[in-house]
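First the structure, which I've put down as structure tokens, then a few questions once you've had a look.
The letters A, B, C and D name the chains in turn, as written, and every chain counts its residues from 1.
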Amino acid sequence: QEREPTSLKKILGLEEILNVNIWRASLAELLGTATLVFALDTIVISSIETETKTPNLVMSTMVAIIVTILLLATFPISGGHINPIISFSAALTGICSFTRAAIYIMAQCLGGILGALALKAVVKSSVEDTFSLGGCTLHIVTAGPQGPIVIGLETGQALWLEIICSFVFLFASIWMAFDERQVKALGRVAVCIIIGIVLGILVFVSTTVTATKGYAGAGLNPARCLGPALIRGGHLWDGHWVFWVGPAIACVAFAMYTKIVPHQHFHVLER
Amino acid sequence: QEREPTSLKKILGLEEILNVNIWRASLAELLGTATLVFALDTIVISSIETETKTPNLVMSTMVAIIVTILLLATFPISGGHINPIISFSAALTGICSFTRAAIYIMAQCLGGILGALALKAVVKSSVEDTFSLGGCTLHIVTAGPQGPIVIGLETGQALWLEIICSFVFLFASIWMAFDERQVKALGRVAVCIIIGIVLGILVFVSTTVTATKGYAGAGLNPARCLGPALIRGGHLWDGHWVFWVGPAIACVAFAMYTKIVPHQHFHVLER
Amino acid sequence: QEREPTSLKKILGLEEILNVNIWRASLAELLGTATLVFALDTIVISSIETETKTPNLVMSTMVAIIVTILLLATFPISGGHINPIISFSAALTGICSFTRAAIYIMAQCLGGILGALALKAVVKSSVEDTFSLGGCTLHIVTAGPQGPIVIGLETGQALWLEIICSFVFLFASIWMAFDERQVKALGRVAVCIIIGIVLGILVFVSTTVTATKGYAGAGLNPARCLGPALIRGGHLWDGHWVFWVGPAIACVAFAMYTKIVPHQHFHVLER
Amino acid sequence: QEREPTSLKKILGLEEILNVNIWRASLAELLGTATLVFALDTIVISSIETETKTPNLVMSTMVAIIVTILLLATFPISGGHINPIISFSAALTGICSFTRAAIYIMAQCLGGILGALALKAVVKSSVEDTFSLGGCTLHIVTAGPQGPIVIGLETGQALWLEIICSFVFLFASIWMAFDERQVKALGRVAVCIIIGIVLGILVFVSTTVTATKGYAGAGLNPARCLGPALIRGGHLWDGHWVFWVGPAIACVAFAMYTKIVPHQHFHVLER
């Protein structure tokens, strides 16, 4: 099957801005991201509150499960993005138009804020303080032996980690969801489980490998970082750009990779 | 396939009150809820009695498993509700008539009482006291340094948590069970497992995130809260309305969401 | 498909007593139950011997796994009962004849004795004393501050627990194995896993919820209680009838439930 | 179907060196191996950093998962090797030409270096020191009571372990991926999961069975050993040849085994 050359107009898809269905579908993105942020942040807080020696493991397992479930829940309505990284890379690789991606990302950001508000309503302010509302922090200010000190990761290192983890996320899981033949071969449930597990492992790895208190691990979802940062403010804004710029760079690198790599598995064809 | 406009008469389904099959099916709801209440409450007590640092994790895992199994067990007979939230939201979204939902909810309440009675028969009164029969409490009266004090969650906060958790429950799991295409794509077992897991995670999150002793976590099933409250009475009645009003608000919000969102996944259709 | 009214002769199935295949199949029941008793009792002993704070959890998990595996192993030969509760309720609900159930139960009892003998051959007598051969006890005689005292559960409470747990076992798991449509929908492996898990949870719950030393938890399998009682005797005979009468009552109640409930899921038929 | 005698020219496949698709596919091998090395090494570090009594179990589970996912991700593009052992044995058994295997192995080595560089960029130098960048070590120099001492495994023992583990890896998992009938019977996902699990078990076994500090377990992937050795140098070069020679011997032995064994499963044919 021949693909006609995609014009710029089609790539941008500006006419989709008037498509009411996209706006209705974006509601699923909004509520999905709100649910995700509320669930993720309560999981972060609960895991650390729990008296266990391996809070990171508990956290990662539950992140994997909740992400899988929410992707399955929103897939039939909006395509199951609930993450600006997925929407942006989907637009870059031609899965959906840039207009739709922009609408989705806006909805996801709103959802992130909604989720953070819902969380703020139910936790005590002391818990809110201790865990920064479960948000994405590079470093936190804590009481040291001689006055308050700042502990955490350097911004450069965090940016690198964000780029690498986002690329691994795209390369190891999203790639399968974008490739129609892969989705057909593996099935939708398997793909969503793989995306969830890869995210869970990246959360586990990024929080432990740096071995740095104050750094909350790779964000891997700018919308979920934006919500707590807006609601709680303060040190959550420090280096907040990292959680947007890192994934963006990874998305562009990933889009270039998908253009270079052969689209037909020649190995199979030869036989 | 065209859907004929559903008349009010059909929505209410008053003629179903004479359908003997519905009354027979409600027996499954009754016994299912009784089993659920007995199992849930013994799990709550056992988990806290067990000398582990992570009783919440143990509890949540078992809640997830037992709910999944009971849904699978009652599904072919009554549709597998065993929870007034599911019956009410099923009626609101047009999955079943309001009459049937009302009969089911009545059966579930009776089952909740039966389960609580069965539990009362096998535990010692000291265990019954300590754990409030495994019921839904907002706050408990406990011995403080200067006479008895009340510890627990504020009613307003508990109501918020109940609404948010019920909505997450409906949005992330029940939605899949209600959407015929989703059930077909995922399979009945997967849907029941997802419902069980989401409930388990919500129990874990709601009990730890508030970090408040005396609050037993989000109810997420009014019938299971009613049983122990009726049998044991006392402080279990304080704020009992929260466990009914919270889910009810969430059900209405969820029903509105399902009306707004596009019913056909246009993304797939376009290709 | 119409079912012809089953005559008493067919229900009793007295001619099956001459069917050599049933006797050969009962060998699988005998060896299955022997393996089960040996495995269960070593698991009980190992779990308590292991230096962990949660022996009950370890025990329950292993019970769930071993029961699942043995059911899968014996299913193609005898139908996978290895438990008088299953054989008796199968006869009551018309799954098999009373003659076959009686032969199976005899084989299971013999198997229980064989398993207890095998266990006695490999453990030291001190271990045998401490754990009552892993048998079903209501109370044990132990050294108190003023001479030997009896600790354990009251017989009435134990009977209630036995009835309720057996009914939950039948309602939540066996029901699925008996309903042909359920087995088709879920698959044989899933059904066996569910039976194993439900048994595991009931073991966990019944041992912890009573919080009583000396009570070994609900029996849930008279054949496994009979073996150690015969081999070891003594206090294992005290209240041994509870482990037979409790399940029997539950089986009758369950059989009545299956008669009342509608056999066709009318919900699905209406659509 | 008759197979024409494969000429040396076809086996070498020198003309494939000009095939641009193979070079483009090797990009997937390069990035796949980079992701693998980054993920594996962070998992090694994270697992040991985590305060758990069973770091080996955590490590093995995650190795199994990440290997499965990366094989699934790269399969449709390059055939999913991301391991010189697989490429080399594929060439030896005639699955692909030697030219292609050589190009792939080169890409994998470059990927290994890239992954090690990415890791070096995000971890602190203290972590880098302690864990040798998660590389393959036979022995490490550590501070003893009287000056620095060398602890670890003897080179001969390590070579044996490397040969045996590599052969088990090829025999128990890769064999299924190479046999077309097996892939058809089990499905691609199952085969990739089996390869992942076998690798995970070998990691677990090789790290615990030796019970030797300083030995990082069987390498089982020369490319992943090369990266950290090149970037970090020092004692990682000591005995580095073991991680190349061991698998190479195993590949040759495996290729001989596949020639001897009957190609048609006669057992099936007889029926």
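Observations on the structure shown:
By definition in this document, a residue touches a chain if its C-beta (ideal position, glycine included) is under 8 Å from a C-beta of that chain, and two chains touch if they have at least 3 such contacts.
Keep in mind the model is a prediction, meaning the values are calculated, not measured.
Between the two copies, chain B and chain C, the C-alpha superposition involves a rotation of 75 degrees in steps of 5. Interface residue usage between chain A and chain B, two copies of one sequence, is largely distinct: under half of the residue numbers at the contact are used by both copies.
Farthest chain from chain A (centres taken as the mean of C-alpha atoms): C.
One finds 30 Å separating the Cα centroids of chain B and chain C. With centres taken as mean Cα positions, chain C sits 48 Å from chain A. Between chain A and chain B the centroid-to-centroid distance comes to 30 Å (mean Cα coordinates, whole Å).
Not a single residue in chain D touches at least two other chains. Chain contacts in this assembly form an open path, with each chain touching only its neighbours along a single line. Here, these are the chain pairs in contact: A-B, A-D, B-C.
Taken in their complex, chain A has these residues touching chain B: 21-22, 24-25, 27-28, 31-32, 35, 38-39, 42-43, 45-46, 49-52, 58, 62, 65-66, 69-70, 72-73, 76-79, 96, 118, 121-124, 127, 188-189. Touching chain B in their complex are the following residues of chain C: 53-54, 56-57, 157, 160-161, 164, 167-168, 171-173, 175-176, 179, 181-182, 185-186, 190, 194, 197-198, 201, 204-205, 208-212, 257, 260-262, 265-267.
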